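Heads up, the next two complexes both have subunit A, just with different partners, subunit B and then subunit C.
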Partner chain A sequence: MTALTLHAPILLVALPLLGAFATPLVGKLGKGARNTLIGLIVLAVAGLAAMLAIDVFGSGGIPTVYELGGGTFTFPLSGGQVPVRILFEVDGMSAFMGLITALIALTGAFFSFSYWKERSGGNLYFSLFLMLIAGVFGMVLTGDMFNFFVFLEITSIAAASMVGFRVWLKQSQEAGFKVMAMYTLSGLFVLLAIGLLYGQYGHLNIAVLARSIQGSLTDMVALGLLLTGLAMKAGAVPMHMWAPDAYGESPAPMSAVLVVNSQASLYGLFRILFTLFGASISTGTVGWILIVLALLTIFVGVTMALIQSDLKRLVAFGAVSQIGYMLLGVGVGMAVIATRPEYGLVAMQGGIFHMINDAACVGLLFFASGVVIRAAGTRDLNQMGGLGHRMKWTSIFFAIGAVALAGVPPFNGFASKFLIYEAAFKLNPFLAVLAVLSSIMLLAVFVKAFQAAFLGPRSNTSAHVSDPSLGMMLPMAALVLVVIVFGLFPGFFVDHIVTPAAKALWLGRDAYINAVLGG
Partner chain B sequence: MSGLSSGFGVWNPIAWALLFVGILVVSFIVRSFGNKGYKRGTGQTKVFLSGNDEPETSNGLHVRGDHLYWGMIDGLSAYYRRVKAWHTGILSDYAAWFVGVLGLVFVILVLAR
Partner chain C sequence: MNIGNLPFIVAALLVVLGLYTFLFKRNLIKLVIGITLIETGVNLFLVTLGYRTGGISPIYTFAPEAQQMVLPTPQALTLTSIVIGLATTALLLSFAVFVHRHYGTLDVRKVKELKG
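Showing the complex of A and B:
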């Protein structure tokens, strides 16, 4: 392990966080200097996330422990020692989430350079962008519950500010306020749960808590607060109402980052259920709670998307529905973890694989939607038409993102949904039927959006539009490449990055604890 | 490396893609047997609307977003009335759903303990 890999967990948080504070200062030197700084940071972050993933996946899934201000302890600890310093603990699932975050940070930043070129407030925009990225990295890498809360709050502040960023639009202000209020509610409940656990066990470290938790009534109250708070922040129905407002009203590149933010909350939920409470809960009961939330999220998300005439809100409801597929895969895995392991792991692989596929597809769709809305001068699908005549590449990119998200073969969305369908069918055929039906409806949703925006005769409104600059085309093309490559070679990615992530949650509880506390 | 196996099902995208390309090739061959006398801009390309003349508009006709699936949405109107009613846009309603789910989860977790 190189020194860079050793310090990668803290650098992944520190670089974007310091960059967030440096951006307004460097921005005084000009946009070129600011963009260079941000470009270097996201490139460094992507490189570090890749190095960390290679290290963790290459070590056979043994978690890496990083002690902030290190040197005091040697991990794993021995002789009943407990860690008191801030720890980052990176297992397969954390490394996998790091890759997703890096992918969207990289494409989102480079897309934003061109997207935000002619607009004012760029320094603040990029500052919030980096702060949100830092918070997400912190959430997925930390090994400490209180730090998880701190990073959760950093993402909440940055996300709410970003949603309400366009203060001259009353919808943005309203959406920003709603997001701020709901994220605060979620954060308070998470904090209360952490307080209950700390009051009982006197520790905040996840590994120590995981070994201590007994499944008492207080533990169950804490679990309920954590489960509901994080499911709400992930956008699970019926606690999803803030999500279409947030995704719909934030600037297009930020919508993609907000989806990754929601996924980080989902990661937190999975980490808490499998690692923290894995040995002290009825996995069947909690699995079915996730499955019910998943079915509601999938069906309500898709059916609400179908009736939207605002392009951003349509994609936003589509993004909400995809959170349901992740919950379904992991929920099925949890429900059968003790009884039917032969398809439980497949379900987990499907749910987790869908996280990276969703990030790429939804990111692509939000980018393309931003380009379309700017070109057409409206978000109303009833006012659009004929854009495909002059925006050929954008229409192709949008179409690829749409069919991939809807689960049309051979794109990546199908590969992950295939695993989810198969495993869900084994548990209960109704689950698979509803999941497949909803995917077909999602395809109908995007047929509507594509037909309304890109097809139709040339019109006065579409006469002067064109594909965006190369600065916006290349990030979209990069996500298209991910969609196609992950779709054509799913076996490779499932074997090398998805399965280690799934096993880290499903089977890796002891390894996670032992990496800190020793066997 | 390419394919996926769930243990009870197999998905091979490369094989699927090759099959798709093969079907495209066959389609192209069948198409080549078509009428060579096809001419653009003649009556052959005129839209057939049950024998009626095609209406002329300055900007052409475009089926707008809300015109799609109106039958399906109308058929599901009872469902949509209820689901739309949930989405009030009022913040206190958002919080009420959250608290309601929290209460339900508490009850389930405690009963399952």
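Showing the complex of A and C:
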């Protein structure tokens, strides 16, 4: 392990955070200098995330522990010692989330360089972007409850500002207020739960708490608060009303980052359910709560997408529904964790694999819809039409993203959704039926959107449009490559990155605790 | 003086009042007040967790021997939470200002162009 890999967890947070505050200053020197700085930072972050992932996946399921201001303790500790300082603990699941964040950070930043070229407020935009990235990395890498709350609030503030920083847009202000209010409420729920846990056990470290947790009534109250707070921030129905507004009103590349932010909250939820409370709750009950939330999210998300005529809002509701599939996969895994049948791990693999697939597909769709909306000059699908004649590549990219998200083979959405269907069917056929039906409805949604925007005769609005510049085409092409490669070789990716992540959650509770406290 | 569980009751009361305000009031500023009330309740709860009856402030330099100290960690948590609360409240209020500028009202029933 090189020194760089050793310090990768903190660098992943520190570099974007430093960049976020340096951006407005460097921006004074001009756009070139600013873009170079941001480009270097996201490239470095992607490299570090990849190095960290290779290291963690290669270590055979033993999490990496990083101590802030370290050097005093060697991990794992021995003889009843407890960690005093804040720890970062990276297991398979954290490294996997790091990869997703890095993918969207990289493509989002390079897409934004062209997308935001002629617009004002670029310094603010990139500053918030980097802060959001730093917060998401912190959430997925930290091993400390309070630290998790701090990063959660960093993402909340950055994300809400991202939605509403264009103060001259009427609707973005409404969305911004709504998003910030819901995020703050969810953050306070989480903080109250952390207070309850601290009051009983006197520690904030996740591993220490996980070992000492008793399952008392207070713990259950804390669990309920954490479940509500984090599901709210992930945009699960019935606490989803902020999500379509946020995804719909923020700048197009940022919607993709907001989706990753929601996934990070979902990660926090999974971490708390499996690692923190794993041994002291009725896993069947909690698993079924997740499944019910999942079905509601899938169904409401898709049905609401069906009636939209605003392209961005349509994609936003599609993104909301996909959160449900992740919840469904992991919920099925949670419901059967006590008996551990074969299909439990399959369900976990499906749910977790769907996270990276969703990030790629939804990212691609948001990028493409941003390009389309700018070219057509309207967001209303009824006023678009015939854009495909002159925007061939964009329409192909949009189509690939749409069918992949709807779960059509041979793209990546099918690979992960098939695992979810398979496992959900074994638990209860009704779950799989509803999930498949919703996927078909989602396909109908995107067929409608594609037909309305790209097909049809040439019209006045579509006469002067063209595919965007190479700076926007390449990031979209990179995501298309991910979509296709993950769809054609799902076995390779499931074996090498998804299974370690799923096992870290499903089976890795003891490994997570022992990496800090010793066996 | 022993005040027992009184602070916990006050904290719970603040949280419940804040939730009530957040759920049932129609004015954006009142919603922000509701959120601030919840936040105050949570902060009070955190500080109370670390309180020890008769404890002194947790500074070891020149501390009298064998005297109980209050716990320092919850105080650090509360400070962090207050700072975060300042940022969120400021952001919420500025959004409320801009909503008022665009819509000419603070009534949530009239600020709903985004729905469905």
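One rule holds for everything that comes next: the second predicted complex is superposed on the first by the 518 of 519 C-alpha atoms of A that agree within 3 Å, B and C clash if a C-alpha of one lies under 4 Å from a C-alpha of the other, contacts with A are read in each partner's own complex, and residues count from 1 in each chain.
Just so it is clear, a contact is a pair of C-beta atoms (placed from the backbone, for glycine too) under 8 Å apart; a residue touches a chain by one contact, two chains touch by 3 or more.
If you're wondering where the values come from, they're calculated on a predicted model, not measured in any experiment.
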First, second, both or neither for A:S156, with subunit B first and subunit C second: second
Contacts of A:H7 with subunit B and subunit C, given as first, second, both or neither: neither
Partner chain(s) touched by A:L185 [first = subunit B, second = subunit C, both, neither]: both
Of subunit B and subunit C, the chain that contacts the larger number of subunit A residues: B
Which superposed partner A:R340 touches (first subunit B, second subunit C, both, neither): neither
First (subunit B), second (subunit C), both or neither touched by A:F146: second
Touched partner set for A:R390, first subunit B, second subunit C, both or neither: neither
Subunit B versus subunit C as contact partner of A:I307, first or second or both or neither: both
Touched partner set for A:Q451, first subunit B, second subunit C, both or neither: first
Residues of subunit A contacting subunit B in one complex and subunit C in the other: 177-178, 181, 185, 245, 304, 307
Touching residues on subunit A, where the partner in the complex is subunit B: 177-178, 181-182, 185-186, 189, 215, 217, 220-221, 223-225, 227-228, 231-232, 238-239, 241-242, 245, 281-282, 285-286, 289, 300, 303-304, 306-307, 309, 342-343, 346, 381-382, 384-386, 409-410, 414-415, 418-419, 422-423, 426, 444, 447-449, 451-453, 455-460, 487-492, 494-495
Residues of subunit A defined as touching subunit C within the complex: 146, 150, 153, 156-157, 160-161, 164, 167, 170-171, 173-178, 180-181, 183-185, 187-188, 191-192, 194-195, 198-199, 204, 244-245, 248-249, 304, 307-308
Residue numbers on subunit B that touch subunit A, as the complex places them: 1-9, 11, 13-14, 16-17, 20, 59-66, 68-69, 72-73, 76, 79-80, 83-84, 86-87, 89, 91, 93-95, 97-98, 100-102, 105-106, 108-110, 112-113
Contact footprint of subunit A on subunit C as seen in their complex: 15, 22, 28, 31-32, 35, 38-39, 42, 45-46, 49, 73-74, 77, 80-81, 84, 87-88, 91-92, 95-96, 98-99, 101-103, 111-114, 116
